[in-house]
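Each of the two complexes below includes chain A, the first together with chain B, the second together with chain C.
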Partner chain A sequence: MKKYFVVVGFAMALVFSAAASAREVTLNTQLTNYRGDGAYLAIYLTDSNGVYQGTLWIAGRDSEYYKHLRGWARGSRMRHAEYDGLTGASITSGRTLTMTLNLDDSFIDNGYEIHVDTAVEDRRDNRSDVVVPLTSDGAGKSVSGRGYVKSFTYNF
Partner chain B sequence: MWRKLHFYPGLLAAPFLIVLAITGTILAVSPVLERSSAVVPADGQISVAQLAQSVVKQYPGAEQIKRTPSGAVIVYYTREGKPGADLVNPETSETIGLYEPSAFFRWVKDLHRSFLLDDAGRLFAGVLAAMMVLMCISGAFMLARRAGGWLPLLRGFRGSGDGRIHSELARFALIGLLLSALTGSYMSATRFGLLPEPADSEPPFPMEVSGGEPAPVGSLEALKSTDFHSLRELVFPYPGDPRDVFSLSTRQGAGFIDQATGQFVEYKSASTGNQVVEWIMRLHTGEGLWWLALLLGLAALTVPVLSITGIRVWWSRRASGDVPDNVSPADADTVILIGSEGNSTRGFARDLQAQLSRAGRCVHSADMNELAEAYPKASLLFVLTSTYGDGAAPASANRFMERLAHFSCSGNLKFAVLGFGDRQFPRFCQFAKDVDVALACHGLDRLQSPALVDQKSPDQFSQWGGRIAEVTGLNLRLSHNPAPPPLLDLELVDRADFGVEVEAPTSILRFRPRAGKKSLAQRFGKKSDPLLDFHAGDLIGICPPEDNKPRYYSLASSSDDGLLEICVRRLPGGKCSGFLHTLQPGARIQGFIQPNPEFRPAPGSQPVILIGAGAGIGPLAGFIRKNDARHPMYLYWGGRDPQSDFLYRPELGCYLRDQRLTGLRTAFSRTRESAYVQDKLNEDAPNVRQMIEMGAQVLVCGGSGMATEVRAVINDILKPLKTDIESLKKDGRYLEDVY
Partner chain C sequence: MKNTSIVLGLSMLLLTGAANADDDCEGSAPGWQPRENLRQQLEADGWEVYRIKVDDGCYEVEGRNEYGSRVETSFAPSTFELMELEREDEDDDDDERDDDERRNYQADENRQQSMPSNGIVKGRPSVSVE
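== the complex of A and B ==
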């Protein structure tokens, strides 16, 4: 039995530029059955060199643990303004996080990547559990992660 | 007040506290297990650089090395695109096994900290921890009051049943429970922002790195200078990212290390605040402190027992009719002070309090040991007290006389003393008489001269109430009738007769108790019949035919011996002893047990000196028989003629051989030596003195004549130690069972 967490992200920092060229993107992140406490996830954008560009979503409410989302923590420098309003509950083993957000067109097919960092209490931290280029071709194609992420898909 | 603070939160929280305690105990096992499987190299033997170098050799895809507080080393790695975690030997970096955190422990941990309910549950667990702090503190005050001060608390308690179990367990577990509860409360309070948390111990990520060619991990200076024992965690740079750094976290601080230069780019030492918080966490979890974890786990294990006995004690207090509303000493216009050994005086005091309250008085009732420094509003003071042994104060009054010296009485305080006792004893109600004199000397006015109640007579009690009603004008109808003790059917199994030739006919009588009908409580799980629960030193009350006045005999056996044994000397004209001496095996009589927990050897390994004469050997022989722990026990006993009245002769020989009895000194008065037991004590004076100095306890059983002689000798022996029997008695180290 799967439960879906549906989160609708409204136009945020990355997204606000021009009303005309925004696109609705749906992200699906399904976790493996790693048998542990709820996982913390950071979903964020980088350029083709892996340089942090902006936060899409943070799953997990206790900012004390954000440092374990190592790639994201390093890029965002964990500044509150980077994730303000973009946080939700942590995701339990085996479940799926589904969220929708509006994303500026200029990020698509322009060499940008989506990264997912994951961390679970008393278990390893996974920097870049998932790395996937954000392209029109990649939409709808499932990618598997190397840590707690079983599969990751984006659609628009 | 303490009692209410202790009980009501306890009752509410008990089921949840039991969950916290049991899960806590299970979690305490985890540091012990981890420690037992960890390989711990010596201090200064391995640096983090060496460790990392050899780990990388074994695990080319190593991402993170973690050292748990108990010393286990975990390596997180990726091999062929698959993540893994292994426990490794820090000395060789060889794999010990897969690291897989136990799902069971994780579940127990979640149950412990949040009842599996996330934040709401965590908040609740925090509230419970705070309640536990309250219970510990209120409980500590109650324990101290019960023991008669903080210092005596260290010596433990006498008494029996649930109350004793509760107090003794609490005494041992208190510190551990308080530590767990306080640290737990603190952790919860910081989590929910009630207490400030020290700032994060990690520095911000570095903005700039050298970006040079990564050097081999074993050559990095910052890692070379860090000992394995201070390591917490080392995170490797993301492969192929020259701008990434090593993240190192140690006991002293945390920082980031340049891949190329091997120097810290950022470093921050742990603040005192961080270290304090970390210690609080460790004191709670026992992580890395396996012995503490074990102690805390054991302490937590007492919680279910404490909950159950606590509720039972409360229930039995309630069932026996709890004290009616007790007014504080400052507000009371009437004060009742109770001196009681076995609690029977309390029943009378309760009745008096209820009647006085009904008559409109504001009554404060307390033990005599709780005498306040003043009762500013009081005009009436009633003292109800029994007498212990040969004129001594009972347990709840043994510090009354000292406290009286600090008592200041208001002008119009009038007092009346009511003594309880048994006219069979020579110094009948002596303590009540002493108290009466002491109060008068202290300047209080007598409402009435002391009245004495013989054998708990309800008639005499209500007559006294009538006289008090007359002089005070209050409407009192005292009618307390102590419930008659349940009778036990006894069948004589055998008897051994001694001393007929020396005019001291004494018999050891052994009865088989026959249980009556089983009560409902016993049918449902209660193992032992409380009627049949007795110890050597307890008393059995027996009424001779056509006489309702019970005579008491000390028991020489305990219930687990199976038989009830007494040692009875036939007194000339003695109605009950004469009757008992006519019994032949198979005969049946009835009796009732009166617990006498005060007259028992104290637990512990201190030497015990038993002194007795004639039939007084009964309970002493019973104590020796029970000395399975082989603590040093010495018996001084006096008889008349070894050929005739040497009671327990074969048994004592047997006890000497198997070392339940360490030494035996006998004195016989009708031999050429013509010695008494006190003479033997005198001969052994240096030994006796030394043992008492070492903390020995003295128990005396026998006739009052002998007891007086023994007291004189022992006081002489004690003189060089600058102490006397009175102070030994206060410590429970000189006990008498005298008739």
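== the complex of A and C ==
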């Protein structure tokens, strides 16, 4: 019986510590009023050297176009496991994509960066349309993109 | 020699017919409405438009209709009259490329249901577009 409580206690401690190490992060990506088809977006994390760490979201369902999200494609090598369960519809001109996700605490204030790559059919691809460090100080501050992203913000 | 002329003549007739059949949509470019109007009209109807291109004098639209089916459709550029509708997931064509697209589409749909497995994101994010 004593052993049973020890095991249950240990399991609960593991669950609570896992929950405590994840932070809820909300990302807002507003697009400019460009002329053209729906934009494909790749939102992903790199370390401070720009080395790919993981995918947060891919907007756009046709994987044949993913190669145009150039920075992400290069880092992720477009492996299915990198974006399984993390894809949705492309985003049309002027609209805002809002997403909330649980991210490991260790990515915050540790030199990691959020990148947004964008691409539109028959128009220019933008590798790192947005690059922002993922820090407590940067939360809530709006950043302008250099391509189809008008503004990008994140909040904890 | 006479036979050759007859065969040539018949071939020309067939070619002319094929050319006419390809030219699905009528009207000249000045009478065309902007493709952006077509996009807005379709999106107002609940479509998700992937791309619009000009093909054989028609606006060819790739996307998902209001029921979520992936479709490839042709519209007359001047009137936006629906000229041709092809549902890609119901296409019986055995063409290898189409089969590949269908497999990719189904795999993609399955991925929509799955949970993230890259170890970075915990659980499926909640996403909205305004």
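Things to note:
Operating definition for what follows: the second predicted complex is superposed on the first by the 139 of 156 C-alpha atoms of A that agree within 3 Å, B and C clash if a C-alpha of one lies under 4 Å from a C-alpha of the other, contacts with A are read in each partner's own complex, and residues count from 1 in each chain.
As a working rule, contacts are C-beta pairs under 8 Å (C-beta built on N, C-alpha and C of every residue); 3 or more make two chains touch, one makes a residue touch a chain.
Every value quoted in this text rests on a predicted model; they were computed, and no experiment measured them.
In the superposition on chain A, A:R146 makes contact with chain B only, not with chain C. When the shared chain is aligned, no partner comes close enough to touch A:D47: not chain B, not chain C. With both structures placed on the common chain, the touch criterion links A:W57 to chain C but leaves chain B unconnected.
Taking chain B and chain C in turn and counting the residues of chain A each one touches, the greater count comes from C.
In the superposition on chain A, A:N126 makes contact with chain B only, while chain C stays out of contact range. Once chain A of one complex is fitted onto chain A of the other, the partner contacts of A:D109 are absent, as it touches neither chain B nor chain C.
Residue contacts after overlaying the shared chain place A:K67 against chain B, while chain C stays out of touching range.
Looking at the shared chain after the overlay, A:R35 reaches both chain B and chain C.
In the superposition on chain A, the residues of chain A contacted by chain B and by chain C overlap at 35, 37, 64, 122. For chain A in complex with chain C, the residues that touch the partner chain are 22, 35, 37-38, 45, 53-57, 61-64, 80-92, 95-104, 107, 121-122. Chain contact summary for the complex, chain B toward chain A: residues 63-64, 76, 78, 81-83, 85, 101, 103, 106, 110, 200, 202, 204-205, 235, 238, 241, 244, 247. On chain A, the positions that touch chain B within their shared complex are 35-37, 50, 64, 67, 70-71, 73-74, 77, 122-128, 146-147.
On chain C, the positions that touch chain A within their shared complex are 36, 39, 43, 48-52, 104, 107-108, 111-130.
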